[in-house]
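One chain, subunit A, appears in both complexes that follow, with subunit B as partner in the first and subunit C in the second.
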Partner chain A sequence: MRWIWIDKFIEFESGRRAVSIKNVTLAEEHVHDHFPGYPMHPATLMIEGMAQTGGVLVGEAFDFREKVVLAKVTRARFYCHVLPGDQIRFEANVMGEVRPEGASIEGKITRNGELVAEISMMYAHLDQSRAPLELGDENFVFNEDFIRMLRMRQLNQLKPSAQAARDVKVPLRRRIVITGLGVLTPAGNSASALAEAVRTGRSAVTAVSRFDAGPFPSRVAGEIREFDATAGIRKDQARYVKKMAKVMAVDIQLAVAAANLAILDTGLPLGDAKANEPVLPTIDHARLGMVFGTSFIPTELDDLAEPARASFVDGKFSLKGWGSGGIPKMFPLWLLKYLPNMHACHTGILWDAQGPSNSLTTNEAGGLLALDECARIIKRGWADWMLAGGAESRISPVLMMRYNLVGRLTTCNDDPPTACRPFDVTRTGQVAGEGAAVIVLEAREAAEKRGARIYGEVLGTGAGQTTAGINAVDADGRAVAVAVRQALAMAGVQPAALGAIVAHGTAFTPQDRSESAGLVAALGPAARKVPVTATKGVTGNMGAASGLADLAAALLFLKDGQVPPIVNCTHPDTEAGLNFVSGKPVALTSDLVLVTANAIGGQAAAVVVKLNR
Partner chain B sequence: MKRRIVITGMGSVTPLGLSVEETWRNLLAGKSGIRPIEIFEASTFPTTFAAQVREFDLGRYVRDVSVFEKAGRNVRFAMAAGRMAIDDAKLAPGTYDPERTGIYLGSGEGVLDFFTLCESIAHGIGPDGKVSAAKFAEMGYTRYNGMTELEQEPNMPANHLAAEYGIAGPTFSCLTACAASTQALGEALDLIRTDRADTVLAGGTHSMIHPLGVTGFNLLTAISVAHKDEPWRASRPFDRDRAGFVLGEGSTLMVLEELGHAQARGARIWAELTGFGSSADAYRMTDIHPEGRGPSVAMRMALADAGVGPEQIDYISAHGTGTLENDKVETLSVKLVFGPRAYQVPISSVKSTLGHLIAAAGATELMTCVMAIRDQVLPPTMNLENPDPECDLDYVPNAARKAKVEVCLSNSFGFGGQNDALVVRRFVP
Partner chain C sequence: MALTYDEIMEKVREALVDALGVDEDQVVPTARIGADLGAESIDYLDIVFRLEKAFNIKIPRGDLFPDNILSSEEFVQGGKLTEKGLQELTTRMPYADLTSFSQNPNVQDIADLFTVDMIVKYVQAKLGSA
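Right after this comes the complex of A and B.
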């Protein structure tokens, strides 16, 4: 038996009026005891039903921040019996308004218009400041069931009356936790592999092996040598992945693989395909969504080889030749192999995720901005589970050419493991990398209820934008500063309370300097104290996967209370004004961690998380 | 109380005009923007026509055109739409806080150096038919321009706008195919509702009228190859003989603003953006869910978010691409959500004359809803000559119509299964 004595809300006016209904049936056990031989719905439970109807009404008025309890039943009068088969209607009207200390309601219960009872009651807001230890932060009064009940009223009605559909708010303060990690990087195919590589200072950067990089000025990269996008998933899912692999560019395959790992990591049970069960039978698939940070994927050269050759007329490439000779040689689904929303499309199909789905093309800030948006989607009540993802491969001739031409990549090719040197005075530029990271976000209450493993809590997110031009960075690091300030403010965290910062640190000097300046601007005097680490010495620049891979790894490598040193940062840039961890680890002084990412000329993102150690 | 978000500025560049007013006038007149492709030599392509932006002069909209030398059409259109939207909103420097101002665009790719790509690839083909990256690079390095390459990245329109106007707050760029700018406007709404920003420049910009764009859609048989000689007849949403969409290009940007912020600076208010809904089909890579599962959820969410019932919707701006499947499933989805009232709500597709602006489509269509509210007139679905028994709603065929318009719903469904819907209404203080 559950302590829920109403079935659904049918009308709701914030702060004023709520109407709910309850169906009484013989399937409910209590009516058999009350009374044997004459089953009827107890009057005391009707008081509770009214208390719940009015309580949600009163609680919603303050976004469910207050713990609302019944203080007094001022009046209760019953006029007839309610029997199995009856549907009763609870109507609660707030008397006056909901005040800081509580509220009173007048209620009546009817059955087909016939008056069953009149009940008036008073609610009190528990004084949280006086008893924080006994009560805790969590609002135990309004559990997911009631909040969902309110939401269902919004979504499920085909024809809501104008009155009923008015402005139902969903609590803004749902707390968001991280319950699954799926990470593929050059260091290995798990978050713990990256964490371990960072902790032990082992770089995964090597000479480019995927293609002959001879004429490229930069010939080192962080490559993923092998991965299996079908590991651990159901046979029917694996069949889909194998069938679709030929229309998925490597970015998309990496994204799907990381999403699979992340969902498997949540511990949500898989359904039995043979029994035709949903892939995740214990969840509502309409409330599973995702946002991926992706990029505009360049075509693989081989896909255009034949078509390009067939387009030459008199020894010259021509569009007329392309139209008549080239296009017929292209494979029909070519466009779909490279679209930036296909990461989410395939992942959504594999896991039947029918909730909101977005694909952000904000370069290296993509992953963390995806997390920002996912957290807001859960907070506004549109989803219970969101996959925040990022995936990109920069190991392609087209992209390495692009980033070489604009001078971002290192040309020091002699010793690949030390090629990427974030925040080191001898840094020489970025190293092309590739990877994918997916983090499962879940409302805290729901995660706790199902006994999920919780890696940490997302306390705040922030976003800023470069104004210096598309191929430049803000000298004062303003984009990063705006993002970090927002994230700290939302989290309610003072800079000095941070235990560690995982910086973007690409080792491209202007970008490193701008990021440093932004952190100093946002953190003030605390900038000199909070230890700063970075991971790209291990992986190179994984583009849109960067921030989330860093976050996932940090949740693990900080677990033992040590902030690992920045790989390859042996002579930290002392002018930066930050406390770079160099050489050996330092102690983690608090569980509050800031992670940042930024794109040259573009977006900056920041997230503050609280580790669950 | 939910923060209320209003539209205080609009700017638009489309195949039907270089301003909101010009585009709107031509839409109502039923003029078509579709003609043979002039941007590149497309005479031997399966599809030879598109709806192109014409007589466009970037110099009218930016401080320094040299900054945009290598920029794609997406950036150029966005700069124009941005200029017009910001001027329209009278957002002069000093009237807004740059760090409380954001950008959210649905935006596509920039210009691809197609000749260099193909010639370098051809140069790199070895005896085994595979392309050697080293040989590709040998030629590529002498030809490619780094800035042209950078300008292809889809966040460039946002980055250019930020640099031009000093916008330093939350900035996002998404690319969920044809749903992108509806999603961008919806998520921008959330950025303001959650107090992350007071003002967001939001909308879309895109041009896929380039060789690989037309090639890609031709290969998928998504764009029409019919009516070569009368291309203005090729886009036929909801018509029995529809045979795919027609590519368009352009940009529509809006200034979304928190009501109090707008009122405090005495801004003129076009309309109030009240509802957003978003879902995924999770069905198939290439096909829309046949029962309209995703689209109907998105529409219902948008209505619930706006706090209105189906009986309050006066007009639906359809996604209405003119592909066989989309128009059928969209019709079905509207019936699912609106019940018997589906037959009473006028629904039309401006893609019949504008073409499909892909990532810019949703914002442009929302703009037409705002104008419909202002002028109390609905834009027509042109070329609807032979009704399809499976598409039996009131599509406002072939002529604009006077109507009472207070609240509108605008739909966008993306290739790959994203469905988004917005509700916009006349602003009532």
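Right after this comes the complex of A and C.
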């Protein structure tokens, strides 16, 4: 006979509280024999059930190293009978704390919320080795097998770990993998094109060709020459994109194009439009969502020119003229073309994504922060597929003039390919760029079930903020430090275990220095060892697309076990305290990679991934 | 000199191609703006804007695409236009061909009256009276 009088635990807080249940049924012999003719659950066995609930609670507090014996039933009061068919609930609360010599508990038994009994008891700890000698092993209910099973099957799931109680950033159990990459950058329209340009040190920065930048102080840029937002998608989807193009600024078109590439890259089959199938018939569209990192989009001058001309009164621009002559000439849907949430809007419609959808306007940190949010959404169990996106074009006369005026852009225009020099002592500022990157995050169980190709696993993400000001960064890089620490903690990765860091590195000195300081603060002594690379020498600053494009490319360019050098970083800033890769690649010593983003304005983000290679 | 039907048609075609992302050869006189060319409610605003620009005319709200007939009980009953409603529609859309619609004036078929031909005739009337 097994002397066990509870069925299972349903709540367990180590050293504090435990709740178990017991189903009383006619299948049990003792129910019939206690009072023949009136089957009921004996009160003594309720005391034993409470003793076992409290006994496991007390024993677990010292990791079952000591035997627990019931020393005294201080008080037991019963209020009603428990009959077959009832489920009773034992709740044991430790009075004060579990001490080396033992503990007291206060217990309560209920049935559907109705009080059945109140029982208080005391336990004594006996030394594990002495106890069997004094009392005989057979007198202990909980043997090793019982405790092993209890731990495996119940307590490990119920008990929030001590770490979790202290630190809410501990990951939930769902694991997240990367199964699709869609990237458009000045280096080409795929993640591998960017990876290859970084590996071979080929910069895609050229003289500005989009508009006449002649009078501008900065006349170099990373431009995307052409792309097709309808490539590879269904005819009905292509029709939608074509029709909506009039209300999609280039940022939005880039985002849609990257999302298409990313989804097509997952290998999820497209449905047959003629047969009226959903776009992705093998997945539940309610479990597909997205978050995009975006930026404000300046109105194209072509849209403004005619209304502006119509606003002139006596040869001068006039607000009154704008009201009477200008506004009627404005394209009536202009707002839809420039809203920063339309990336997700069109992508969501195009792919019938019915799950969570959001847009984050956090400047250059937007893409990685989107990934942070996507990972959390999957962990919460609200979606199985999330598109983490970022898209931005800075190749606009309005934006380039603005960034010129605030002194962020380089004015070294003579040799475009070497204009952007991240972490180099001769750096002179950012190069305006444009791009889009979408990374498909998928719950690991979903990806494994469909045999998906897995690029890597997202282990940890983090976000940080400062109050440095709208056009500033903190010199001590505290936002970066917060984000990196969070990402490492969530990943459970020590700084020294990292194989490589792909830093934001825009080549704008205050921004590079702030990022370096933040990395040094978060990584400690490991900062001098882990190789740091960066990609903006190739692309220029792609704004909200940056971090995700870096991550996507890194998943590919690190595959051969080499960390490529930072393009155009020939004289690394030695004062930074980091191990910048310069000149030639270095060996990747582990598959754990940190990617960071550090925006002017104070937003920072970090992600730790494990490469699958 | 007044523009011919074909000249107006050419500009209307350009406006519709830009507004609706359709191919030029889809924009034929009989094509319905909604059912054939895929216009949604917000596109009508865009079409009006592009026509105003192309022909340098003013198109008051509800003039080209009457929008307040359907909300009146006087004009609509049981999902069909009343005799009065049909009269109102004829006055408001003199350039539309109501012959077959008036046989069975279902409200849900009213969007089919908005054809490319109707727009061209509207512009013609507008330019003629200017």
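Note that in this section the second predicted complex is superposed on the first by the 442 of 613 C-alpha atoms of A that agree within 3 Å, B and C clash if a C-alpha of one lies under 4 Å from a C-alpha of the other, contacts with A are read in each partner's own complex, and residues count from 1 in each chain.
We adopt the following convention: a contact is a pair of C-beta atoms (placed from the backbone, for glycine too) under 8 Å apart; a residue touches a chain by one contact, two chains touch by 3 or more.
Nothing here was measured: the structure is a model prediction, and the numbers come from that model.
**Q** Could you classify subunit B and subunit C on subunit A, in the superposed arrangement, as clash or fit?
**A** Fit: subunit B and subunit C sit side by side once superposed on subunit A.
**Q** Thinking of the overlay built on chain A, is A:K329 touched by subunit B (first), by subunit C (second), by both, or by neither?
**A** second
**Q** Looking at A:G289 after the superposition, I want to know if it touches subunit B, subunit C, both of them or none. Which is it: first, second, both, neither?
**A** A:G289 contacts subunit B only, not subunit C.
**Q** Using the touch criterion from the header, give the chain among subunit B and subunit C with more contacted residues in subunit A.
**A** Larger number of subunit A residues touched: B.
**Q** Going by the contact rule set out at the top, does A:K243 touch subunit B (first), subunit C (second), both, or neither?
**A** A:K243: touches subunit C, not subunit B.
**Q** After superposition on the shared chain, which partner residues are touched by A:N358: those of subunit B (first), subunit C (second), both, or neither?
**A** After superposition on chain A, A:N358 lies in contact with subunit B alone.
**Q** Where does A:A479 make contact in the superposed view: on subunit B (first), on subunit C (second), on both, or on neither?
**A** first
**Q** With both complexes overlaid on chain A, does A:I4 touch subunit B (first), subunit C (second), both or neither?
**A** neither
**Q** Using the superposition on chain A described above, determine whether A:A71 touches subunit B (first), subunit C (second), both, or neither.
**A** neither
**Q** Looking at the superposed set of three chains, what is the minimum CA distance between subunit B and subunit C in Å?
**A** Subunit B and subunit C, overlaid via chain A, are at closest 6 Å apart by C-alpha.
**Q** Do subunit B and subunit C land on any of the same subunit A residues, and which?
**A** 244, 331-333, 336
**Q** Enumerate the contact residues on subunit A facing subunit B in the complex.
**A** It is residues 14, 154-155, 158-162, 165-169, 172, 211-216, 244, 247, 285-286, 289, 294-296, 299, 301-302, 304-309, 311-312, 317-324, 326-327, 330-336, 339-342, 344-346, 348-349, 351-363, 369, 372-373, 376, 379-380, 382, 397-398, 401-402, 405-407, 462-471, 478-479, 482, 486, 599, 601-603 of subunit A that touch subunit B.
**Q** Which bits of subunit A are touching subunit C when the two form their complex?
**A** Counting only subunit A, the residues touching subunit C are 239, 242-246, 328-329, 331-333, 336.
**Q** Sort out for me which residues of subunit B touch subunit A in the complex.
**A** 1-2, 40-46, 67, 98-99, 102-103, 107, 109, 115, 117-119, 121-122, 124-125, 129-134, 136-138, 140-141, 144-147, 149-156, 158-160, 162-163, 166-177, 183, 187, 190, 193-194, 196, 211-212, 215-220, 278-286, 293-294, 297, 300-301, 303-305, 307-312, 337, 339, 414-418
**Q** Given the complex with subunit A, which residues does subunit C contribute to the contact?
**A** The touching residues are 18-22, 38, 42, 45-46, 48-49, 52-53.
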